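Following are the structures in question.
One chain, chain A, appears in both complexes that follow, with chain B as partner in the first and chain C in the second.
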Partner chain A sequence: MARRLMLALFSALFVLYVAGPVLWLLSSSLQMESEITAVPPNWLPPNPGLHNFIAIFTAGDSAEYANRGIAGFLPSGAANLLPSLYNSLQVGLWVAALNLVFSLTAAYAIAVIDFKGRRATLYTVLATRVIPDIALVVPLFLVIRNLGLINSIGALVVTYLAVTVPFTIFILISYFEGIPRDLYRASRIDGCGHWGALRHVYLPLSLPALVAALMFAFLTSWNEFLFALVLTQNAAAQTLPIIIAGFVMDFTTSFSFVNAAGVIAIVPPVLLAIIFQRYIVSGLTAGAVKG
Partner chain B sequence: MAAITLQGVTKRYGNVTAVQALDLAIHEGEFMVLLGPSGCGKTTTLNMIAGLEEISDGTLLFDAKDVTRLPPHQREVAMVFQSYALYPNKTVAENIAFPLKLRRVPKAEIERAVAEVAEQLELTPLLGRRPNQLSGGQRQRVALGRAIVRKPSVFLMDEPLSNLDATLRLSMRSLIKRLHHKLRATFVYVTHDQAEALTLADRIAVMQGGVVQQLDTPEGIYERPANTFVASFLGSPQINLLRQGLLRPEWVAAGRDVIIGLRPEDVARPAEGLVTLSGRVELVSPLGSETQLEVALGSASVTLRVPKDWRVSEGETLAFGVDPARLHVFDAATERRIAP
Partner chain C sequence: MRLRLSYDDRSAAILVLPVLAVLLVVAAYPILYSFWVSLHDIVLTRPLRRPFVWFENYERMLGDARFHTAVLRTTVYTVVTVTVTTALAVGVALFLNESFRGNKLLNALLLLPWATPSIVNGLMWKWIYDPTYGLMNALLVKLGLLDSYRAWLGDPDLTLFLISNAAIWKQMPLAALLLLVTMKAIPDDLYRAAKVDGATVFQRFVHVTLPALRPGLMLVLVYETMISIRHFDLFLIMTQGGPGDASYTLSWLIYVETFRSLRFGTGAALSYLLAMLTFLLSWLFIRFLGERNP
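After this line comes the complex of A and B, so read on.
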C-alpha cells in the first residue's frame, strides 16, 4: 500500500515537472499582462480571454491591440509571427518528407544490399553527426551563401536534412535488420527487384519506424534555432523560434503575448503526433516467420 | 520445364569457401535432394540456384541459358523457406496472389488461380486470414501455394518441413511428393533429414564441406555409400564402422588397411555361408516390431537390429551371422569405398 502511495506521489511529481511549464504557458496565454506578473501568481486565469491570440492574428494592426487597454506592449516583431509560422510549417514538412525519401533508400541499400564498402558508408554517414553543430555554422553559412540560398527556406531544408538524414538512416537500418531476411528473399523470388522489395516488404513493415522518423525530422526542424538564426536574416525565411526569441529582446515585452505565441508553436507538432499516433504500433511482423 | 546445370560453381565468403567447384546436372522434372549436415553448403548451393547468393566462380545454366548473373526475379524459380516467409501484412489470398500481381496477370485470372491453389491445398476457408492467425502447417501450405500458383518450372525448397512437428511433417512430405508427381517440375530440395531425402528424392546429392560426396539414387546411396561419411550419414541407427583388429583376415583386401561397415539390420542367425561373430549383449532396446541391441565386439561396441523373436537378454553372449557380401569395405586412409 505504502509502495503504491509512493509510486503515485512520485508519478504526480514527475508529471508536474514535465507538464508544469506547458500548463503555465497555457494558463498565462489566457491572462492579461498585469495578471501574469501578479504576486502571488494566478495559477488559473482569473479572467480567461483570447485577447493574446486575437492580438497575434491581428498583429498587423497594432493600434487595435493598444486601444483595447490591455497592459503590456506588442513586440516589434509581432507582425512576423504568422508568416514565420508558415515558414516553419513549410520547412518542417519539406524536411520530414525529403528526410524519409533519402533515409529510406539509403537505409535499404546499406541494410539489405551487400556491396563493397557498406560498413564504411554507414560509419561515414554517422561520423558527420559527431561534429557539434556550432563547429559547422560558419562553414555552412559560407556554403549556403555561395549557393545563393541565404534568407531562403531552401537553406534551412538543406541544412536540416544534413542533420536528420544520418540519424534516420541509422534508426531505419536497425529496424530493417529486425525484419526477417527471408521476407526479402521471398519477395525477390516472387518477382520483386530492389524497388519492389522496398515497397512491398520494408516500407509496410517499418511503418512505426517511418512515423517515428517523420516526427523526429519535423520536430528537429520545428525546434531548430542555431542554424536558422545564422542562415536567415529577414522575415521572409525566418522560422518561429527565431521570431519568438526576438520578442524578448524588446525593452518591454508582453509576456502574455509571447506565451500565446508559444502555445501556437506547440499546436502543429501535437496535431502531427495525434494524427500519426495510431500508426505507431509494434508487433506488425508477428507471424511472418516461425518465431 | 528446366534442367539445371552447375559447372564448377564456387561460393567464397572472404577466405572461407562454402561451396567448392560444384558440378551437378539436375535433370528436367527431377526431384533432387541436397542432403548434408548444417554448414555443408547445401543451402548456399540452393541460394545460388535461386539467385539470392552471388556465384563467386563457375557457371549456372537453366537448360542452355546462362543465368549465372541473373537477379532472382528474372530466373523464374519458386522457393519455399524453412521460416515460411509469408508477408505478415497480407492475407493468405494476397500472399498467394502476390507473385501473379507482380507479373501483372489480369485480376480475374489471379482470382481463379488463387481459388484453384487454395482448393488443392485445402486453404479455401483461410483465405481471408493473416499469417499470424495460422498454425505452422497452415503457414507452410500457404507458402507452398504461393510457390505453385506461378506454375514455375523450377521449385526450390529450403528445409520446408524442419519447423513442423513429426506428424505434420509426414503428411506434408507426402503432399510435396504428390505435388511433384502432378506438376512434373524440377524440384531441388535441401534437407538434413535422411528420411526426407530417401522418401522424396529421385536422386540425392550428399554434401559435406562444400563438396558433393556422392550423387546417386536413394537406393544407391544407401546400398553403396561412396565413403564412410555418406555411410554414417544415412541409416538409423548409424552404420557400424569397424577398425582394424576386429576384423577377420579374410575381409582384409590385399594387405590394405580397411574399415568395414556393417549396417545394423544386416545380421542373421548364424548359418551356412555367413561369418559368425559373437559378443556380450550390453543393452537391449525393444522397438516393438524389432529389437535394437548393443553388442560388445572386442574393444568396440556394435549396434544391431534384430527381429523381436530373437529374445535376447542383457549380459548373455550372442552369436550372429554376417553375410560378407553385405559388408561395406572402405580404405582406412582415404575412407573411400573399395568393395564390393
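After this line comes the complex of A and C, so read on.
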C-alpha cells in the first residue's frame, strides 16, 4: 500500500536525521584514536571498546595517566572531567529540589489564593524570563563578584533557580487550575489551612506536573553553558559543559576522548527524558493549546 | 471576614516571598544594575576610573562597524534557523500525527536532540563537519555529490548555515511537540466535514489544519526567534565568530566586548540593545500574528 510505504520511508528518514548524528558520536567514542582518524572513516567501530571511557575515569589516577597509550592524547584538563561530572550532578540535584519547593509554594499561592498583588506577582515572575540570558550575564557576573560568590556551586544553584522557576511555576499553575475547586473548598471546611490544602489536595494530585518540573529543572541545569562559563573559574565549581568546551577548543585533544566525554554528558539527560517522556511532553506543552 | 482575608494574604506572602527574593537578587536587580553600568565607561582593567557618560556607549556601539556586521549575521542566522525549524517541525508534526505502528517509539526518539546539551551538540556537529575525518565529507564523496574533501566550517559563505543546521537539529523537536499538541486538539469533525465537501488532502491542510494551528505556530515562531537571536553556545564552540567575521553575531560581540576586552560599559549597552530588539520582535509577532483570530 502506498500509504504504508510512505510512512516507512518517512520513519527511516526521521530516525536517520534524529538519531544519526548521536550514533556517529557514539561510534566514534568506541574507537581507538588510530581508528577514528582513518580516511575514509569507519562507520562502525572495528574493535569496539571502552578504552576512552576508562581513560576518562582514570584520568585523575597518575599511574594510569602516565600510560597515555590507551587513548592517544589526553587533554591537560582531563583530570577535571570527573570532578566536573560530580559538580554537574550536585548543581542539578540542588536546583531540582529547591525549584520544586519554591515553585510548588508560589504556584499554589498564585493559582489558589486570591490575594492582593496576585497578578502583579505572576507578571513579575514571568517578566524576568523575557530578558535574554546573554544580556543578564554581564550584570549577574558583577553582582555575584561583589557578593564574593564567583566560582562557587551556590552561585550556579541560585542562578539556575532563577532561570528555571518562572517556567515551572507556569507549568504548575496551569496544572493546579485544572484541579476541581470543590476539593479545595472541602479541605478548607474540614479545617485545613493553606498548608494543609497544599499538602493533602494539591501535592498528591499534581504528581505528573511535579515530575515535569523536576525534570525540566535538572535538565536545564545539566545543559546550561553560558552562566557556568562566566560564573566559574576552576575545577572547584566548573560543570561538565565547561570542561568539554575546553577540550573542543584545545587543538591537541584526542578526538576519541572528546567524543567519549560528549557521550557521558548526553547519557543522563537523554535517559531521564526518555523514561519520563510522557510527563515531560505534557509539561512542556502545557498551555500551548490554550494559546 | 477581614480576618479570613488577612490569613489569605499572610499565607500567600509566605508562599511567594522566597521566589520573589531569588528573582529580585538574580534577575531584577542585575537588569536594573546593568542599565546603570551601560551609562558608565567601565573598563575592568582600569577599576578606579569609571566616569558617567550618559548614552555614549550606545552611540559608540550603534556607529561601530562590528555592530553592523553582528546585526547582519544575527539576522541571517535567525531568519534561516526559525524558518527551517518551523517548516521542519510542521512536517514532523504532520507525520507523527498519523497513527501507525512504531509511532510511540518515534515520539520518544524526538526527545533525543532536545535533551542533548548544546555543548555536546556543537561538539558533535563540529566533528561531523571535520575537514579530514568528518562524516559529512565521507558521506557526500561516497554518494558522489562531492569530488574532494572540504573544510566546511572554514568556508565563510557556509559557516552560518552549518551552525544553523546544528541549532535546527536541537530545536526542531520542541517545536514539533508544541505543534503536535495543537494538531491533536483539532476536532476530527472538521476533517470529515471537509472530506464530505470534496476537499483534497492539500486543501484540508490549508483550510483546516493551518488555521487551527495558528496559536501553536505563533508560540513556536516567537519562542524560536527569541532563542535564535540570543544564541551563544554554538558560536563559541564551533567557530568563535570566525572564519574572519563570518559568524560574528550579536551575542558573540557582547561576549568579546565584555569578557575579552573587559569593556563592561559597552557590553551592557549592547545587552540592552539586544534585549530591546527581542522585545520589539516579540511584540511585532504578537501584534501581527496573534490578533487575527478567526
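In the analysis below, the second predicted complex is superposed on the first by the 257 of 291 C-alpha atoms of A that agree within 3 Å, B and C clash if a C-alpha of one lies under 4 Å from a C-alpha of the other, contacts with A are read in each partner's own complex, and residues count from 1 in each chain.
As a working rule, a residue touches a chain if its C-beta (ideal position, glycine included) is under 8 Å from a C-beta of that chain, and two chains touch if they have at least 3 such contacts.
Fair warning: this is a prediction, and the values are worked out from it, not measured in the lab.
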item	value
Contacts of A:S34 with chain B and chain C, given as first, second, both or neither	neither
Partner chain(s) touched by A:N47 [first = chain B, second = chain C, both, neither]	neither
Contacts of A:G193 with chain B and chain C, given as first, second, both or neither	both
Touched partner set for A:D182, first chain B, second chain C, both or neither	first
Chain B or chain C, by number of chain A residues touched	C
Partner chain in contact with A:N223 - chain B first, chain C second, else both or neither	second
Touched partner set for A:L205, first chain B, second chain C, both or neither	first
Chain A residues contacted in one complex by chain B, in the other by chain C	193, 284-285, 288-290
Chain C to chain A touching residues, read off their complex	7-9, 11-13, 15-16, 18-20, 22-23, 25-31, 33-34, 37, 92, 95, 98, 100, 102, 106-120, 122-128, 130, 132-135, 138, 141-142, 169, 173-174, 177-178, 181-182, 185, 215-216, 218-219, 226, 229-230, 232-233, 236-237, 240, 251, 254-255, 258-259, 264, 267-268, 271-272, 274-275, 278-279, 282
Of all residues in chain B, those that touch chain A in their complex	47, 50-52, 71-73, 77-79, 81-89, 98-99, 102-103, 130-134, 136, 139, 146, 156, 163
Chain A residues within the chain B interface of the complex	180, 182-183, 185-193, 196, 200-201, 204-205, 284-290
Residues of chain A touching chain C in the complex	4, 7, 10-11, 14-15, 17-19, 21-22, 24-25, 28, 36-41, 102-103, 105-106, 108-110, 113-116, 118, 121, 124-125, 128, 130-140, 142-143, 158-159, 161-162, 165-166, 169, 193-195, 219, 222-223, 225-226, 229-230, 240-241, 244-245, 248-249, 255, 258-259, 262, 265-266, 269-270, 272-274, 277, 280-281, 284-285, 288-291
